[in-house]
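Two complexes follow with chain A in common, the first pairing it with chain B and the second with chain C.
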Partner chain A sequence: MFSFICKGIIRDRRRSLLPVVVVTIGVMVVVFLDGLMGGMMDNMVRMTANFQTGHLKVMTRAYAADEAQKPNDLALLGSGELMEQLHRDYPEVDWTPRIFFGGLLDIPDENGETKAQGPVTGQAADLLSKGSKESARLGLEKAITAGHIITQPGEILVSIDFAESFGVKPGDRVTFFGSTMDGAMSFANYRVAGIVRFGNSMLDRGGVILDITDARLLLDMEDATGEIFGFLPGEKYLKEQVESIKTSFNHQQAGNPDVYAPVMTQLMDQDMMRQTLGYTDSMSFFMLLLLMVALSIVLWNAGVLGGIRRYNEFGVRLAMGEEKRQLYRSLLTESLVIGIIGSAVGTALGLLICLLLSRHGLDYSAVMKNIAMMIDPVIHTRITPRMYYIGVIPGILSMLVGTALAGRKIYKRNTALLFKELD
Partner chain B sequence: MINVKQFKRTESKYIIRAEGLTKDYPVGEGHFRALSDINLTFSEGEFAGLVGPSGSGKTTLLNIIGSLDTPTSGSVAVLGREVSALTAKQSAFLRNRHIGFIFQSYNLLPVYTVYENVEFTLLLQKKNREERHKAVMEALDWVGLTEKKDARPAQLSGGESQRVAIARAMVKRPAIVLADEPSANLDAENSHHILQTMQQLNSELKTTFLFATHDEKVMQYLQRVISLRDGKIEKDTNS
Partner chain C sequence: MMKQKITISIAGLLLEVLSLSLAAQDGNQMLRKIDRNMSADSRIIESTMIVHGKRNDRTITSKSYTMGTGKAFTEYLSPARERGTKMLKLEKEMWVYSPATDRTIMISGHMLRQSVMGSDLSYEDMMDDRRYEDIYDARVTGSEQVDGRACHLLSLTAKVDDAAYPSQKMWVDSERLIPLRAELYAKSGQMLKQITVGDVKQVEGRWFPMKMTYKDVLKEGKGTEWIIHTITFNQSIPANVFSKASLRK
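Then we have the complex of A and B:
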């Protein structure tokens, strides 16, 4: 009977083509969306980690309490020793200092007088030490639109929007005005090494990047740092591992009552990341459910139309002694086969699209222009093992549900009218 | 689980027996009487026909004998079992094992080959491949269509299609074949051909054939003619 059903599906394209196409498209969309959402999450995690949080972050307790304000007056002192300890205790993690600061950037005219002045937020990272991965982490090579990355002390990178607004070019001299970690006024001259565009309004609007040594001089933070970022090998965030390191580190510090004692947080503890990712997971599930319901309705209608077209066939089969239950079951088997075919094709196509986008990326910078989220404007879809089966369940289920609803008509068929109907 | 033995032909002297059979259909507030107090018996191997004008009750009677419908009152026993007492499952079983149907419009399944159309009824009986192959080829041989076993219904003439329908009805070697206007869509030559085929099967296999027809060509082959008018038996003659 199974081969009888399969022959019917293969030979009668009107019976199988529309449902296969519907299931294929549905499953392809599910697989693609899963890859895209995964890619977006990876993107968000990577960008947030690289620019704001690291996989792990060490600050003073006082700094952590007001972290959003980046209070450098509460920064870690003796950071060199702390870094050494961190390297010793957790050698697999790449520990690196970061300082966030804010101030005014003054752009002089040819006479050295102020031509323009604008507020900027700055970030300092270890860009000049041998073997530092910070330049790559911040994607500076890719972000440079003019000039070059910082190669020596005294250089600064300026974000594209600021540079365009104030006519700043590589090679220009600029003056930064701010305050030291103790609250004293501070200023320093820098040469603009390059103009950077991250494709993210938050970073591009008014940002500058300095090497950590220059920032320490500027902010009077010798052997101090606002934050120490930790990155796992391969830049891969692993929840269990960071959680275990965080717990171990904080356990060591548990007995220290000092408000300036270091405290460790992990990426998910910060910036609503956990909630954001949880919300995205819920959204994915909801979208999957919605898609399945929509597919079921389409397939229900397709099933009803197919049932009308095959009215005679069902009548003959009932007259020949097939029970209604058997007939209903054979329709469900048909839909299972169609669901499997559609799911397989849809999964393959979805994976193919994801594979292409994981290599070449999807540039949606036009959409992201005014969105202040820490997301790279080029998304690379994520390929995971679950993509091989995630579309199959809704694909088959929607086909079965659609057919089950459409097939109920069989039970309402009056066999007493079969002769009349069939003639 | 249905016991095959419950449909054994030996339980009754008659293969079909109708007593006081009446069938009413609701029409608006009242009802339309399609059959009225029908008393009939058929023995094994009869080649009989229900004749009469449209609306005389021929098809209704075939429906009830084929366990596709039940009487309003009276009784109809097929192979010794009361039709109105059968469950849906038992009715399906009766049709699947013991009753073959031939329709005016052939009603072959268009996506399947001649072989598969004939084989389908045996698939429902869960017969194994060898048994099915043997029975299908034998049935196609009876109707002279072994050469066309791989053809699709669309590739067949009307006469060939009706012969496939006969093979499909006969492949399970049923006790009864019910044929509703089997020659209505055929020309004279093809009508004679299929009637001769059915007559031959009737004599060789002792299958009871019961026709509903108003075709003169069919009537000349019938051994017994039951004339119906307004749901009543007008005449019952043996030739």
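Then we have the complex of A and C:
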């Protein structure tokens, strides 16, 4: 029976070609979308971790309670000792200080007076220490559009929109004016090392980057830091591992009543990441479901068309004594085989496209211009084991559902009239 | 009977209007008297500002020169980090000079609403030296005791568009005619700042508060004390003090 069905599929291509093509395209789209969504998620997690949260983050309790304001007056004091402790207790994690700050960037004229000025938000990272991975994490090499990355103290990176608005070029002297962590006035002159484009409207509008040592001098934060970021080996976020480190660290601090005691959070606790990722997962599932329903409708129609074309064949088979149920079952088996073939080809094609895009990336910066999300405008699709089967289930199911709906006609054939029809 | 009722009602209404108008007149007169105590053609002040932060207190000393309502110059004397920092206000413009960078920076736009030196005072607070009667209309709304002293309670409403605080409630010492307490409000009615006054002394024939405590109610912390050590009124100040060149001297 099975070989009879297979021979039928291969020999009568008009019977199988359309359903195979439909299932192939559908499965390919499912596999590709899964890879693309996975890539987008990886991208968002990586960018958020690198710029905003780390895989793990240590702050004071008071700072954490008002974290959105980045209140440096509530920063961690004695951060050097705390960093040592973190390195000692969790040596697998790369711990690194970050300071976020805001103020005015003032561009002087030839007399040293204000020519132009604008508000900026700054981020300071350890860019000059030997072996630091911070420059790579912030993607500074790739983000530079003019000049170079920070190579020595006293240099600053200015975002592209700010630089264009205020006519700032590499090599210019600019003055930062803001407040120290205690609220005193802080001023510092910097040389613009380079102009950067992060591909994120929020950062590109008024972002500056400083080395952490310069920021500490500027903000009077010697041996202090706003936040300490932790990154797992290979820069790979592993939920269980970060959760366990977080629990262990916070357990140590549980008895400390000080509002300035350190507290650890992990990526998913911050910036609505858990909700965002949960929402994206639901959206992926919903998209798959929609695709499966659409495929089923198309295959139902294909089945109806095939049924009309094979009207006589079914009539002869029924006239020869084949039972309706048997005929219906053979049709379902046939669609199962077609579904498997289409799913296999679709999965292979989807994987191939994903493989290509995982290497070369998909640049969609043109549609990201006004989006203030931490997403790299070049997405590299994610290849995961589930991509080998994620398309197979909807591919086969939609084929079976489509055939099952179309095949109901068999039960409506009146056997008494069969010979009359055949005449 | 009906006619009598109407007459009584009209008389009551007229009395109400009259009393409101008298309250406004009294209020505005009181503002003029307060201005006579608080304002001068020129002032030279040496003072200390103690900023009570969340974690620590900071003490900043300064010397400031004021000419009329449009010109002011302040030099910060301590701590070391602030020493030599100077601020100049000429009418509606303000500059700050930092010796560390040798730069003169203009303060404008939203920066004017930022805190000065982490205190509870904004640049706008420091800049606005206008007389009360030039900015507000006042009404006497009652009387209360503040620190054991009889006070008139004044309700101030801005009559100019550029007032930093569209309305204020002020408790004015009825004998010495200086504000002992004030609440500063936003247009929405939200209270923004509280000012309390202490150590009122007679200086050159006028009553003047030598200690003021500002509290930005939207900010955590215990407020900022401003303590005046010396103050002289109507002394001649060289015109070049109020020039941008003096910032770099």
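The working rule: the second predicted complex is superposed on the first by the 423 of 423 C-alpha atoms of A that agree within 3 Å, B and C clash if a C-alpha of one lies under 4 Å from a C-alpha of the other, contacts with A are read in each partner's own complex, and residues count from 1 in each chain.
Everything below uses one rule, namely that contacts are C-beta pairs under 8 Å (C-beta built on N, C-alpha and C of every residue); 3 or more make two chains touch, one makes a residue touch a chain.
Here the structure is a predicted model, which is why all the values come from computation and not from measurement.
Visitor: Once chain A from each complex is brought into register, does chain C clash with chain B or fit beside it?
Guide: Aligned on chain A, chain C fits beside chain B.
Visitor: Pick one for A:Gln326: touches chain B only (first), chain C only (second), both, or neither.
Guide: first
Visitor: Based on the superposed arrangement, let me know which partner A:Val316 touches: chain B (first), chain C (second), both, or neither?
Guide: first
Visitor: Based on the superposed arrangement, let me know which partner A:Phe4 touches: chain B (first), chain C (second), both, or neither?
Guide: Only chain B is touched by A:Phe4; chain C is not.
Visitor: Is A:Asp220 touching the first partner chain B, the second partner chain C, both, or neither of them?
Guide: In the superposed model, A:Asp220 contacts chain C only, not chain B.
Visitor: With the two structures placed on a shared chain A, what shortest C-alpha distance in Å links chain B and chain C?
Guide: Here the least C-alpha separation of chain B and chain C stands at 82 Å.
Visitor: Could you pull out which chain C residues touch chain A in their complex?
Guide: 51, 53-56, 58, 60, 81-82, 85, 95-96, 98, 100-106, 108, 110-111, 114-115, 117-119, 244
Visitor: If you look only at chain B, which of its residues touch chain A in the complex?
Guide: 59, 62-63, 66, 68-70, 88-89, 91-97, 99, 101, 103-105, 107, 109, 111-112, 116, 120-121, 123-124, 168, 180-181, 184
Visitor: So in the complex, which bits of chain A are touching chain B?
Guide: 1, 4, 7-8, 11-12, 15, 312-313, 315-324, 326, 415-416, 418-420, 422-423
Visitor: For the complex, which residues does chain A have touching chain C?
Guide: Going by the criterion above, the answer is residues 62, 73-74, 104, 106, 108, 112-114, 117, 119, 175, 177, 179-180, 182-185, 187-189, 220, 260.
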